[in-house]
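Once you've had a glance at the structure underneath, I'll fire off some questions.
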Amino acid sequence: MKHIKSKYEILRQKIYIVIYGSGTIAGKTFDLLLLAVILLSVLLIMMQSVVRYDKLHHDFFVVSEWIITVFFTLEYILRIISNKKPLNYIFSFYGFVDLLSLLPMYLSFFFPGSEALGVIRSLRLLRLFAILDLIPVLNQSSHIKESLRASANKIVVFVYFILVMSVILGTIMFVIEGRHNGFTNIPNSIYWCIVTMTTVGYGDIAPITPIGKAIASFIMIMGYGIIAVPTGIVTAELSRNRRTKNVKNNCPRCKTFIYNEFANYCYNCGEKFIDGEVKIDE
Amino acid sequence: MKHIKSKYEILRQKIYIVIYGSGTIAGKTFDLLLLAVILLSVLLIMMQSVVRYDKLHHDFFVVSEWIITVFFTLEYILRIISNKKPLNYIFSFYGFVDLLSLLPMYLSFFFPGSEALGVIRSLRLLRLFAILDLIPVLNQSSHIKESLRASANKIVVFVYFILVMSVILGTIMFVIEGRHNGFTNIPNSIYWCIVTMTTVGYGDIAPITPIGKAIASFIMIMGYGIIAVPTGIVTAELSRNRRTKNVKNNCPRCKTFIYNEFANYCYNCGEKFIDGEVKIDE
Amino acid sequence: MKHIKSKYEILRQKIYIVIYGSGTIAGKTFDLLLLAVILLSVLLIMMQSVVRYDKLHHDFFVVSEWIITVFFTLEYILRIISNKKPLNYIFSFYGFVDLLSLLPMYLSFFFPGSEALGVIRSLRLLRLFAILDLIPVLNQSSHIKESLRASANKIVVFVYFILVMSVILGTIMFVIEGRHNGFTNIPNSIYWCIVTMTTVGYGDIAPITPIGKAIASFIMIMGYGIIAVPTGIVTAELSRNRRTKNVKNNCPRCKTFIYNEFANYCYNCGEKFIDGEVKIDE
Amino acid sequence: MKHIKSKYEILRQKIYIVIYGSGTIAGKTFDLLLLAVILLSVLLIMMQSVVRYDKLHHDFFVVSEWIITVFFTLEYILRIISNKKPLNYIFSFYGFVDLLSLLPMYLSFFFPGSEALGVIRSLRLLRLFAILDLIPVLNQSSHIKESLRASANKIVVFVYFILVMSVILGTIMFVIEGRHNGFTNIPNSIYWCIVTMTTVGYGDIAPITPIGKAIASFIMIMGYGIIAVPTGIVTAELSRNRRTKNVKNNCPRCKTFIYNEFANYCYNCGEKFIDGEVKIDE
């Protein structure tokens, strides 16, 4: 009995290395194969959505989509089985994405058309960076992520402010334009206001009355100034992070961060620096 | 007589604490209830503006809007009565907003349709930050506000310049396009010019003549460069504020600039700082 | 004879002070009156361009426009006569603007419709800053102007690059979309390309073929990245200028700019600074 | 035999100096002539694409285009022959551009219409900077290029992220809008998503359902925040480059950081610098 368990355990480890690892040749091959299948399946879903192609090759699309779904389902089960801590995987970001990639096809029994949502598996393509050892690139990305996280609070305040302004300005436009020209109700007017403030400007809804145009001009110039705010926030954050990185030097005694390259004493513990001891670590 | 006055005074204080404070459970409950009613009333106004919903539930919308207005009116009166310095409240930002939130419904007797302007009460939702103790977030917001205030002068100059340019370029386009394609008069052409320079670009008015298109291209590229100016102003201001905060403090002995507000020792002469001696001088 | 000349000279000086100066009450009154007339005349031209108003009050518009033109012509002549160095005025920026403001009305004898170009006199409104003693605001503006001038070279290179890219990408789209959907000829396609790269996006011309849409998507994402360049240039320039301004301190001997606030010696002439002698002059 | 070879060699060198050099009068004249011909040929291709002009002067356009093509072909051959290392030229950027400028006309035998692609020779106009000795301007451009290259990794990650988001959000919109209003298939919906996120906003495809509009609003606000990222990256990079240039040099005696490259004395210890001793270490 123990012998069988052991054999099973060895198999489980082998599968784990192939599926999760990308250090061995088998693991890397599996990863690249997986990426190819994901890309292929996303392209198939896209093509199937084009009526012309769907009419010609409907059966081909359905069959291949089912084959891919079964393949991903097996992969998902193997990932759970081969993992010693399956819950860690299931509740991770990729665990959710992998599950979400399967569901649309099964859901299409109940809600026809939902199979198109299978494109959510394109999120799995983000694994590309890990597979191709693009760690420097990933670090760059994490640098941006840090800056965005640091600016998150400010951006929440900013978005809240934009929404409140859109509700008020949208309603004013609704009252002025009087249900004409697409301003048929307040939600539509708010939608127009967001389209305008973000400088997207579809033109499906546009003011016609002179007062409406004057207010729209005001909103545009305001929006033009407002676009400066998130840009300023992120830029200041990115510059700060970079600056911090460039002057990364620590006290040899207390390991405190030293901001100033001309420092003679540590500002934290008073340690006297020998000349050249604190260098810019770039 | 004095006894009665005292009882009234106690009641006034209790109301004050509930309405203005958010420290007690009653105060917090009242605040959250208020937020919910505001949100509900804004949603109701939005829904009523949709013809389909209004036809089905017209009476429901009118009745509920009146109930909410009466509720807000009572709250406004209580806020004035319970406050020892009612004028401070009445002429504050929220005092104006609270009053403006009531008026549209009463004004709708005289100007039908103006009840939609009740959405102005969505400005009251800005109290959310105070209620939920989101003080760090609020500080972030005030940081942005400071930067915007500091850049206000420059942005005024900038907007003035844009308006003058729009008047001249708009008129040139009016002369070139000759009353066609939406350039029916100079105000419309100026409106088009603002739509173009801010990169909104509805397309409801667009040049057709070759010369008009050439000038439009020039305006676009110019506008593309001009968008850099407010962004640059705000970014420089945000970066400066951040730097200023970290920096403006000197060693009491050697007068050296201390970069770090948490410093215990001067990095130049090794002077030990008494706690709080080196403050941020803002 | 000399007496008459002297009287004429006194009159000339009086006129000069009233017209050019804004220090005396008469001078300031004249300036504000002038601004009001300019604003009025620009508004009149705008209103006349609206067919409905022109039909009702055509004669009023023509007469008032002639009165204003005669007034400005007289003012222009007085400015030349009263100035000791009339050529300095004539060939200055405002000299050109003042002349250009007069011409359209006289040119309208030969080219009907050109009177609308009289709005060019709105450029005279820029004098507002000088008149209202808005010198701090003007300084702000000159700060921006400096930064823009410093970035001018880079922006010229940038615009040149955008134009070359637009020519090539526009032609490619012309070949692909094949004279349909607004891509009727290469200049139109180039116009579309500029509209797209600057993110204006009217939608009067839009790709229909799948390949055209793919290339358009590429152009958009590229344009999205390119918008970063002028913004980055101007922001870096504005930050630099500001930084320079904040550390504005000069050597007391050779008047050289000292970059570093911790300097003990002038880097230019070797002058030893007494402690605190070089301060940040903000 | 040797004599002939030598004469040929002298001719080769003369041609080389005229074609490649811009130091002699002949070389400069040739360069300017070449630029004029390129500009002329690009304008001719543009004009020929306008149906009206082509009908009137079809033969003129064809003949002149052939003359220009033959001229460029001869120039290309001379460039190869006169160069000692012809492969260096052939595989350089301008080598490819010069070849690509010739091909469209010859290809038009097989693929009618491809002659319009001759505008690719407008890339040759970039030689303008070298010819006009605009070296400072070119340096500016190379400064930008460096910054863009340094940010390339981050921008790749960023574009990858935008594409993945566009695929998913586009598909969601396709499912919601249900083949109506231009969302006829997934590729079209993705195209719409890119048009929206980049704030171009043609309006040829626009959501109609309330949920679709809500999601579109979310995408717009997100895109509005996202535009901050490339701008922030490039700005931070441009600021850093500038700072680095002004800064990286130390006093040979006290090793202090020297901010100013024109410094004659160390600001810290007063050391006199021998000319050129403190260099910018780039």
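First chain written, first letter: the chains are A, B, C and D, and each begins at residue 1.
Here, a residue touches a chain if its C-beta (ideal position, glycine included) is under 8 Å from a C-beta of that chain, and two chains touch if they have at least 3 such contacts.
Chain by chain, the UniProt names read as follows: A, B, C, D = Ion transporter.
What you see is a predicted model, and the numbers here were worked out from it, not measured in a lab.
The chain with its Cα centre farthest from the Cα centre of chain C (Ion transporter) is A. At the chain C (Ion transporter)-chain D (Ion transporter) interface, residue numbers used by both copies make up under half of all numbers present, so the two copies contact each other through mostly different positions.
Averaging Cα coordinates per chain places chain A (Ion transporter) and chain B (Ion transporter) 29 Å apart. If you average the CA atoms of chain A (Ion transporter) and of chain C (Ion transporter), the two centres end up 42 Å from each other.
Shown for chain D (Ion transporter) are the residues in touch with two or more other chains, namely 187, 190, 199-203, 227, 231, 233, 235, 239. Listing the residues of chain D (Ion transporter) that touch chain C (Ion transporter) in their complex gives 42, 45-46, 49-51, 113-114, 116-117, 119-120, 122-123, 125-126, 128-129, 136-138, 140-141, 143-144, 147-148, 155, 159, 162, 187-188, 190-191, 194-195, 198-204, 227, 230-231, 233-235, 237-239, 242, 258-260, 262-270, 272. On chain D (Ion transporter), the positions that touch chain B (Ion transporter) within their shared complex are 199-203, 231, 235. The part of chain C (Ion transporter) that touches chain D (Ion transporter) in the complex is made up of residues 153-154, 156-158, 160, 164, 167-168, 171-172, 174-175, 178-179, 184-187, 190, 196, 199-203, 206, 210, 213-214, 216-217, 220-221, 223-225, 227-229, 231-233, 235-236, 239-240, 258-260, 262-270, 272.
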